[in-house]
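I'd like to ask some things about the structure below.
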């Protein structure tokens, strides 16, 4: 198993293909992103964004090609890789009938977090939910749930954080809080975000990738992106639609 | 560094118990369902009149009730995981897939055993004691119930993981569960029958049937354990 | 090749059918006087039953191989083999039932083999219902394969336990038993011809269905490439 150094790319995808049945979910996808980057993945529904995310998070094996996250292969080193990634989705992925603390305790056990009580307390303070820690999650607002799910994703000090449409269903206030939290941990982590929202995605990212019909349409660093041209490219791929 | 599988196993099991103790959703519905089934049985017995030796059919009826009630519980146990998508978060953690199977199966077995422990005395009280009592020793009943529950929980856990992702959920579970349970139920009913009726050669005959139960448990639960990784990953 | 096999299968089973009434020995009823024509269904019933179990085994092998390789074609093969299994299992049940009616004068008997076949029918139908209740193609194939393998594993257990339970078992034993009929070469020849014919039929039905599947798959590919 290769050990990640600062020049190991955070994401290294080569000829990645996902195919079951007649359609290709991902078609020869290749790209590289350095450590500490913030990659935004854009694309219309059915373009393969979610599939790509599921391959990168080890949930789906590639049919062909390879994908490495911090030098770890998504198939061969799956268990090690899982221990170093965090996942935040539009779904909070928490048990409604457990308290905030119990939920975090559960995931601390899943990840084998040492000294879980201290870590949980620390995170609850960070996401400003310490006063609600003994309340059942069912009673939380959408924004609180999202904050707690961020705490869940950070429990085990992940190196790479995946965001799956994290803004969908959030009110403006909750969006601000999420922005703040991302900004706080931005420095030490690599981020990969899947999003519909072009403006939000471009604002945050250091690299942008457009997928359409399972293929990479464009991948480039944010500094080189001409906003209008990028928007036009994006619109045209969305326009070409999903069959 | 790999987190300890034991710690993960305990965490899943404890989480299921805590959630159940908070809502009592599963245990109450399963117990009530079993008790209600007994009322329906009583209708059938009354209609059949005094000529019927109820003790002869009780073993089968007990298992009919438990098969249906276990499906209620199995379904619930995965709806928790599926509805909020939490199973996804568990799969994203560095957990060996079989640990999920063992923990969920242990939880299902625990709940099923609790329901049986509550309802079987009622069964015996209502249908057996007033008609000649237990023929065999009580431990036989306990062994038969537990032995068959292992198979039900084991195979059921695999099938419920499948059915929760289908369109028909509970209906699909029943469709897969019942024909696969047939051999186990056959042996369990025979063993229970010996426990209730007793007889001269009760003990060796009882163990002969329990050997079937054990064999089924070993083969089918092992198969379910081996197949679980495919199902949970799909 | 496939059509030749299909024709051969048809020919052999028809031949066996004719031979059953002209060439093979006819058993006598219990009174020892009148011939028991109903017995001749044996030359149809048993080969069908054996073919059905064999095809079920083939389907189960494809199920397991699919799980190991995740190759879509193996899922298609498993599904087609299950279709053939369903056809043969139903034929077994129908012919078996005709026999019970003629021989034991009841329409249905909870006898080990019949019970097992009844369960098998339910399991195979269950396999298709499970398939139809999952939208995602890969997930559908996986669930079906898991259920298919479990179903195949449980069928022999069901059979054995039902036999142990009512070990009286009045299902006739023709070969190796003391019925004596199977020992005559005429009966054996008729039986073997029927069996070979039935297997040829099963195999060619499977191949023809696979051919059809491949054709419709090619059509889909063309559709996709045209539709973009």
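Lettered A, B and C in written order, each chain numbered from 1.
Operating definition for what follows: a contact is a pair of C-beta atoms (placed from the backbone, for glycine too) under 8 Å apart; a residue touches a chain by one contact, two chains touch by 3 or more.
Since the model is a prediction, treat every value here as computed from it, not as a measurement.
Arrangement of the chains shown, judged by which pairs touch: all-to-all, with no pair of chains left without contact.
Placing every chain at the mean of its C-alpha atoms, the farthest one from chain C is found to be A. Among the chains, the centre nearest to the mean of all shown protein C-alpha atoms is found for B.
The distance from the centre of chain A to the centre of chain C, with each centre set as the mean of the Cα atoms, comes to 50 Å.
With each centre defined as the average position of its C-alpha atoms, the distance from chain A to chain B rounds to 39 Å. In terms of their C-alpha centroids, the spacing between chain B and chain C amounts to 32 Å.
Contacts with at least two other chains are made by residues 138 of chain C. Those residues of chain A whose C-beta lies close enough to touch chain B in the complex are 57-59, 79-80, 82-83, 85, 87, 89, 91-98, 102, 105-107, 109-112, 136, 152.
The touching residues of chain B, counted against chain C in their complex, run 155, 158-159, 162, 165-168, 172, 175-176, 178-180, 182-183, 186-187, 190, 212, 215-216, 219-220, 223-224, 227, 230-231, 234.
Residue ranges on chain B touching chain A, taken from their complex, read 1-4, 7-8, 10-12, 15, 18-19, 22-23, 80, 84-86, 88-96, 233. Considering their complex, residues 20-23, 213, 240, 243 of chain A touch chain C. Listed in rising order, the residues of chain C touching chain B in the complex are 67, 119, 122-123, 126, 129-130, 133-135, 138-139, 142-143, 145-147, 149-151, 153-154, 157-158, 161-162, 164-165.
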